[in-house]
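In the two complexes that follow, chain A is the common piece, with chain B as its partner first and chain C second.
After this line comes the complex of A and B, so read on.
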């Protein structure tokens, strides 16, 4: 410690002096001598105390209100008139105080909301305060750690294993263009050579032949997808500069308060990797622990990837090696990065590419991708199977999403599909994460399980899954789906409350939307991301380690759900063919909104090796 | 010299309460207000009319995805006149 200081603390306020009391404790712990005056003394008495105690510094606290600026200005003038101004340093803190206002009022420094005790102590000691010192040290978390992946409900577990036997049997002699591209990307594409611009000639020769028309034209004729353009060199240079400066300044926030979990994910996919990077840096600074890459919907229907550093003027950011590589390089070391692979014709290759570039996680679900995302069930079963093998190889846990619920598929059918895929993933050496929806789903709208509250039916899902298997759970995606409106306060509030429910139920992660979730007239604006992150943080602060108590309905519905899930799995076993079960509506009927996809139909081939 | 709007990452939202007789009037008024302020790429995000008037949030996109972003080309102190 440097020189010991004498500090007078004066609450220039009728009641509020708690901030000064906290600062006093910090100063005393740092070895300084302090004098705390009672609240609301007249300015003259404070000036008298400065003279009597012969202090070096005065810290005043005051919440600004009508006429207070004049009061504070007069106090500074009195100090001046008493001949003390050169002898004491004056600091002022309070809710509406800003440094520029403090200077205007005649003080040496001003401290607004969010000022820490450390900051005040640094001021007293004449040290420069580095905000980084107070920043949160975050580390990348593995949300699958500590789980055994053993079935709690052994009978259902055995049945799920039987379905997985059927899938393995069905897949073993099959391949697809998607699998063959994944093999090429795996075996012929060296990421280090690519990063060093040394080229991968064998890959460059073979890959275009495995692609559909548009990517093929890109490689052979240099034609870009019509909705994309390349960045200019100037733009790239400007981005690098922006990023370098931002990384130096960024201070990370933690939203969980006293909890470790749930890890909070934000989804991005503005269409432009530059804008994505802007959104990601804001998300990180406001407390997101992970980010999820969204690609455009046409990407799921296109055989093969483009290459190059490309921007896209519609929703979803194009997956190319260069785009992923740039986004990866922009992330803070603690940020979890998920690249979705779950629904389209590039599922296994996405996993390989994401794994080579450095993604931490991916997303795969055969049932959802087949029934609600437009990909042919046969094709996605083959592709999903190999995608999971690659996910295991690249050590990437993957969530198994159940968004078919949004189309109207009941939770128990979506869960049966999720559990079958998760069991397959475990068999293949992977670490699946269960992703139930926290949503006002059509099933709940019709069945009125959410007529009174959003708590019980969501809780029932978690109870059901926890009674089946010891595996990580990551509600999404995003939580509160279909409860949000275009009002940003409402939207943030409902997201925050769903986050608190998730935390209370002890889940491992959540995906949150922005407060623009329900707005469909244009792109998500970045302040809408800070809205919901702040709402979640405030919710976590409010509940801390306490929780929400669901009613008895939650347990009852959860138990019913398990029975229904088992019936669906029984039906798949009875059919003797998982793929056929997808086509024929066992895991969701057309009436329930599940339409087996057509993209990639007829492309599954019998493997020659 | 950079313009102040170059510093906006993507969009500028304006939130206010308008005294008006109907929801439609509120919508018309707020869009006119934004045009009067010089914005063209505008949209009403939400408008809640409850008889007294309209609680409204309206947005002007300054940089859409794929545009050239002013915040990547800041070249010095901005001034109010651009």
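After this line comes the complex of A and C, so read on.
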């Protein structure tokens, strides 16, 4: 330790001195001598105390308001006029205090909200406090690490493997325009050449021929999608300035308290990548560990991607190499980035493109995509199969989402589909993540499993999945689906509680919505994004490593769910054809709201050899 | 063209009283006359939005040739091109002070030394770069470091109080406090001292902040006491007690304070003004070791009006003409509104 200092701590506020008390403890632990004055003394008495105690340093705390600046600067003047200014160093801390203001007030340093005790001690000891030390050190996490992907329920595991055999057999000689575009993107499109504007002539020649009408017209005639436009030069410049400034200032927060998991994902997809980047930076600053890219619904029905830095006038941010590249460049190094590929005609190519640009994760589910998201089951089985192979190649874990539950498909059927796809993913060398819904789903509304609480039925899902396979679980998406209302407090509260349940159940990740997501009627607002992050943080702080205890129903329902999942898998085996099972409602009937999609029907090609 | 001063300060009675506008006016006037300005600040100035109210603020435009002394972190946020001539180890919350010459016109953000000793050092260095006049931009209501200048212009206005009568009285009082005559002999003591004939009694404190300290002084007073020398600051209530004691006991010494800033910082300038006038009527004279001339006053009708319903500030104004004439009636130095007519301001410098 360096020289021992004498430090006077003076709360200039009428009451607030907690910050100073914490700093005092830090200083004493570091061996310095401290004197804490009572709150709200006149400036002259503080100056007198400086003389009496012969201190080296004074730390003042005061919340700023109009007129307060004058009080503080008069204090600095008094210290100077009393001939003490060369003997003492003056520090000021409080709400709204920044270094610029400290300079204006005549102090030597200023500390705003979020100042750590360590920072204050460094100031007292005259050490330079490195800005990197501020906030939280965050590192990118692999939520799949530590999982064996072995079946706990071996019998069910064997059955799932048999379904996967059927799928592999079926896919073997098939391809599709989506797969061919993915191959072109994989083999002919060099991301570095693209970034350096060197062009990929072979790709540029071949790709338009593999696209549907709109992207084709874009490449051949320069026509943009009618709901998109390019950013202007001024907008691009403004984005770059915004990013540079924000990256300099950003201090990362951490939502987790004593538990390391679940990691927290936020979704973005306002349509405008600039606005998305703003949302992402806010998410990062308020503690999100990862962000999920949402593209427009027409993206799933369009064969092929556009290119260019494009903004979209409706929800969903268009996937183009340039859009993804700009967003990727905006991320903090610790932020996990998921680009969803799961549901449409560009599924395998999305994986390749996202993988080349640097995404960490993707999202693939044949079952959901073809039963609830409008894509033909046959087409998505082929495309999903290749998408998973690429995900393995690009080392991108992918979640297998079960949003068909929102349409009314019972959890056990959605889970059977998810487990089949996950088993296929494992077979192909991938790292799938199970994504059950934490939701007030139609099944629970009708079956009354959530009549008393939202805990048991959600817990049952986790118990069921954990009893089947040792794999990561990421409830979504977002948690609390259909429990949120237009009231921001209510939405934040329910999101926070669902997050705490997820933590208590020991899952690996969660996706959370903003507090106005369900009812925004347009792009969501930044304050509502911080609402839920703060609610989750507060919930994690409240529960710490303790937990929520579900009732016996949770175990019972979980066990029942496993039996029902096995029955569905049996039915698929009986049918002898996974794709046919999708068409015929084995994994969700029309009455349950599962409608096999039509987009891309008849596009699967069987190779002759 | 020779100027009367080498270094002047621009101080204010509060935030938003027009210090920057006055500084900009002077920079403009110097430019018109082909004179080279030097510029530094005891605070932070030139930012786009006010640090407290969030309202837009005047920026500080500078021209090539101007020499500046600013904290190093001001340079990247300034649009003016500044060639750094010297780096110092004088610290500020925004990094150490550097001296430089403006090579490309633009706006400059100025943060400088935050204490008298730092300002003294910076001024010595800045003078060597040869400006015709150095302007020391003030901050808020801060005065202490201004002692290092040869005189100062005081900016006051509605931001201090929108009540013209009160503002006029306070300005009148400041004008009074900065007008005490210089001490007749050498009184440079480092602690409070009583002079009785050839005898000197020195106390072990330089300022009088507690009633205990004042008690010690009063105990030693007698009708023979000729001079009370106070190098530091006396708290307002204790000035009152001391005055009362002197008047009741019929003691009429000379009170010698080190400089007028120590008086202005003691508390309400209006109360002190009333007290000192009373003392002077009883034959108790006040003198200062080191006068700091108040050169002129600038007035500003602008004030940030707090809106309670939305918790922010909006720009507001009082009547500029009324304000100026009220101030002119009560001060002995030129008073101007630089936005209307600032010519008189230059007269005091030429």
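Structural remarks
What we mean here is this: the second predicted complex is superposed on the first by the 487 of 609 C-alpha atoms of A that agree within 3 Å, B and C clash if a C-alpha of one lies under 4 Å from a C-alpha of the other, contacts with A are read in each partner's own complex, and residues count from 1 in each chain.
In this section, a contact is a pair of C-beta atoms (placed from the backbone, for glycine too) under 8 Å apart; a residue touches a chain by one contact, two chains touch by 3 or more.
Keep in mind that this is a model prediction, so the values were computed, not measured.
Looking at the shared chain after the overlay, A:142 reaches neither chain B nor chain C.
Once the two complexes are overlaid on the shared chain, A:584 sits clear of chain B and of chain C alike. Of the two partner chains, chain B is the only one touched by A:488; chain C is not. Within the superposed three-chain model, A:104 lies in touch with chain C and out of touch with chain B [touch as defined at top].
Of the two partner chains, chain C is the only one that A:81 touches; chain B does not reach it. Within the superposed three-chain model, A:206 lies out of touch with both chain B and chain C [touch as defined at top].
No residue of chain A touches both chain B in one complex and chain C in the other. The residues of chain C lying in touch with chain A in their complex are 14-15, 42-45, 47, 51-53, 71, 73, 91-94, 111, 114-117, 139-145, 190, 205-207, 209-210, 231-233, 235, 261-262, 265, 304, 306, 313. Within the complex formed with chain C, the residues of chain A that make contact are 44-45, 47-48, 51, 64-66, 69-70, 73-74, 76-78, 80-83, 85-86, 96, 98-110. The part of chain B that touches chain A in the complex is made up of residues 9-11, 13, 43, 45-46, 48, 57, 59, 61, 63-66, 68-69, 71-73.
The residues of chain A lying in touch with chain B in their complex are 229, 235, 238-239, 241-242, 270-272, 274-275, 278, 282, 311-314, 485-488, 516, 519, 521-523, 525-527.
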